[in-house]
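Order as written gives the chain letters A, B and C; numbering starts at 1 within each chain.
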Amino acid sequence: MGLIGTLTDALEVEDRTASRLFKSYTFLLYIFLYGPIFVVIALSFTPKSFPSFPMGGFTLEWYTQLLPPNYNERIVGALFTSIQIAIVSAIGSGVLGTIAALGMVRGHFNTRWLQSDVLYTVTLIPIVVPWIVTGIAGLTFFNLLGIQGSMLSVVIGHILITLPFVILVVSTQLYDFDRSVEEAAKNLGATELRTFYEVTLPLIAPGVIAGMFFAFTISFDNFTQTYFWTSVNNETLPVVIFGQIRFGLTPTVNAIGTVIVVFSVFVATIAERLSSRIIE
Amino acid sequence: MSERHGTDADLSDGGVSDTVGRLLRSKYLRVFQLSPALLWIGVFLLIPFCIIILYSFVPEAPPDQLTSVQLTIQNYVEFYNSSIYLSILLDSFLIAVFTTAFTLLMTYPAAYYIAFTDSKYKNLLLLLLILPFWMNVVIRTYAWRQIFGESGLVNYALGVINAGPVEILFTMPAVVIGLIHVFLPFMLIPVYSSLSNIDRSQVESAKNLGANDLRAFYEITMPQSLPGVSAGVMIVFVLSFGAFVTPNLLGGQQNGMIANVVGSMFLELQSWGVGSAIAVVFTLMVLLLVYLFNRFVGLSGLYEVSA
Amino acid sequence: MTSDTSDVIVALESIVKRFGDLTAVDDLSVQIKEGEFFSLLGPSGCGKTTTLRMIAGFETPTSGTVRINGQEMNDVPSYKRDTGMVFQGYALFPHKTVGENVGFGLKMQGVPEAERREKVSETLELVNLPGLEDRSPDELSGGQQQRVALARALAIEPSLLLLDEPLSNLDYKLRKELRFELKRIQRETGVTTVYVTHNQEEAMSLSDRILIMNDGHREQLGSPQRIYNRPKNRFIADFIGEANLFSGRVANRGDRTVDVELNGTVEERLTVPIEGTESDAEFEGEVALNVRPEHIDVTDNGFVSGEVVSMTYLGKSTRLLVDIDGKEVQVEVPNEGASIDEQQFEIGSTVGLSWDAGSCAVVPEGGDR
């Protein structure tokens, strides 16, 4: 029977017990994952000026820092900066990524250098490179170009980081695309461009939009790389939060944190829904 | 036969739309479509990295003039001679190993459960497990400060049962726990993906032939989950080795990781030369480890597992 | 090839198509005449779909010329060709309504909306789907979707209608129904039609002429009757209908007939007509005779005899499998006059088979060709 056989025999556990064990374990894991988030949310309502336990009450005062009349300029400014950058980045990588996905999925690459696998790996590079490296590499490059710290440099960098996600999402959907509708359109007199506009684009739109929503979220939430690219003049929200944490710990951070977590989750959920409806 | 309103005998060439049409039919179309994205990655990541390599040989980077640079290995010598930096590099490696190992152990059972459950909440469970992926890393790490801090949740709970306060914040375990929390979804997605692609009837067939649950898992399920596992291990290891935020916020001065060192070189200390040298060494280490890992375990899973 | 080319709509001249090492179509030449229903028939992988796609403009021949209406089309993209195509999976635009689908080709031609709408409703009536303009394709049944695909191709009144196995996704009954519709529509509109299928029953019932392809080659071109009764070789004899091949030797060769000595149980010499045949057989030496099951009679004095191995009652006829010297011969006997409960034949009994010399065809002995 062998060692494995004896071991597995000895460790045999009843079906129902095993299933219960798994369920409870998974439940515990969820607590591990979401517990900290709830701590942040909970402490955003503490009246104490330093978020700690016990909470000692309930107040919304830290949230008012985000609304007029007495809103924290720095924070709200950073919020708008983040949103602007995220929108532009999402559009940029949406366009570049979709076109690239079309080329990647529909091309026949068999030459030595231009192989499907290689291409796929190359597009994944920005995700797999350690974030610090991307950050400092960008920093030195932008410095050389004289655009260090500018909004432009942040957008360029964010497009870089979000590109792989868009390519991934769109190309997954493209693999299942039945091209005979395109042939039918051409047969009926539509040129390549017209076919793309009338048939291809409407049908890949959900995937492209999902990719852009993902790109938005990633850009909005990004910290490590962005930390090296922003300057005092155009801080993004995560950078401001980081600064606040280091220098003055008030529950304001919890309040902003709660807001952006909820916001990001909202956007990401829409994107997940969009892309899973396609996968179906 | 009817006239096609102008397209009947109009087979000759001419006009913009014809040129566009011919461009779109050319066999170079795919290359054109790929170029912008590939160029973007090349210009904004690969070239900058080359600059880093260059700067690692320049003692006072960034240089005022590119033309008047003298290349030395002074930065590397400085790095090699400093015992702190080397030990931080080693510590970072160990932290990454621990983080990856624990993350895998913690993720696998949950991924398994969700992949094989018939519960109608399956999709919801999956979504919930992936959502943290989309939450800001700063906030997620910050949360642990409020749990581990002097007056954080842990000490509060201990206080309730009259146990002494513990100092967890700014220790290595705090960093590891924080990293596990941050990178869990990165491990979960590939592992789950692998597991869910396994044909359940294979497992049933094994059981039919006499294997008990555990044996069937060992013989059938586990081997087929390896592509996802190796992809997850690779991603989490590389990312945690180069972690920046979490060691910064949870580790304090004493427990920074190599990324923090590099970061401070570039920001506070303005020693871009040494910083570049360290970054190069770090990157080489990562590439070597990835190569070795691929050699012995294989990365085919990375392709099957995306999205 | 006829010298009168005025009514030739499609001419394929020595077409070759290679995909890397694979030769999908090998030196194919054929002319399709105006108004005819022309089928490309053959087993999977024989190159029929590739040929159709070359006519449509989705594939470019490796060598040879494609002509439509006399004009060379090799470099002309599909949207400039006057063809309307129905795809195997219908390829309806899921994000457009039925009306928008059918009117798409007209929209591409710049036909104004009012005129388009009229034409669309006309065409939908032609295919028996009146009033469905505003529906979405996914609301329709398979048969309805197929008809929308057909309407879409017909709405532009093309010189050439191309169909790529359009009925293969439908169940048997629907297929027969739509086959009938298709024939009616073709007759009514008179459009030249090229139809690709691997189903020989379909090809036989729909076509004016059939081109049988195998392995990229042209095997035989002719009317259904011609192909059925005078198959060129064993492959075709077997592919269309069922083949029963009996070996024999040519004794005498004339202009319009050939005398074949059958290697049967009884010495029998048959005078087989060869007029109008394209047979690959050289009319000397060893040959094979093909006889269709329904042309074989069961008699007491047959050319050959053997044991009844199986019997299948099919309602209007009975099918027998008779073992002649180790070879299985299929015989179809009509059931007229037989009493209701009585079985005409007994399994295991010995029967004799004979047939009219006029209903056999001479094919080469041996091998597939």
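Everything below uses one rule, namely that a contact is a pair of C-beta atoms (placed from the backbone, for glycine too) under 8 Å apart; a residue touches a chain by one contact, two chains touch by 3 or more.
All values derive from a computational prediction rather than experimental measurement.
Seen from the Cα centre of subunit A, the chain whose own Cα centre is farthest off is C.
Set side by side, the interfaces A-C and A-B show unequal numbers of C-beta pairs in contact, with more at A-B. Note on chain placement: the centre of subunit B and the centre of subunit C lie 58 Å apart, centres being C-alpha means. Centre-to-centre, using mean CA coordinates, subunit A is 56 Å away from subunit C.
Centre to centre, using the average C-alpha position, subunit A and subunit B are separated by 13 Å.
Shown for subunit C are the residues that touch two or more other chains, namely 77, 79, 109, 156. For subunit A, residues that reach two or more other chains under the stated contact definition are 189, 191-192. Across the assembly, subunit B contributes residues 4, 7, 21, 25 that each touch 2 or more other chains. Of all residues in subunit C, only 56-58, 77-79, 83-85, 87-89, 91-95, 104-105, 108-109, 149, 152-153, 156 touch subunit A in the complex they form. Residues of subunit A touching subunit B in their complex: 4-5, 8-9, 11-13, 15, 18, 22-23, 25-26, 29-30, 32-37, 39-40, 43, 50-54, 96-97, 99-100, 102-104, 106-109, 114, 117, 119-120, 122-126, 128-141, 143-144, 156-157, 159-160, 163, 167-169, 172, 189, 191-193, 217, 221, 223-224, 227-228, 238, 241-242, 245, 253-254, 257, 260-261, 264-265, 267-269, 272, 275-276.
Considering their complex, residues 178, 180-181, 183-192, 194, 198-199, 202-203 of subunit A touch subunit C.
Taken in their complex, subunit B has these residues touching subunit A: 4, 7, 17, 20-21, 24-25, 29-34, 36-38, 40-41, 44-49, 51-52, 55, 61-62, 66, 106-107, 109-110, 112-114, 123, 125, 127-140, 142-147, 149-153, 155-156, 181, 184, 211-215, 218, 235, 238-239, 241-242, 244-245, 249, 259, 262-263, 266-267, 272, 275-276, 279, 282-283, 286, 302-303, 306-307.
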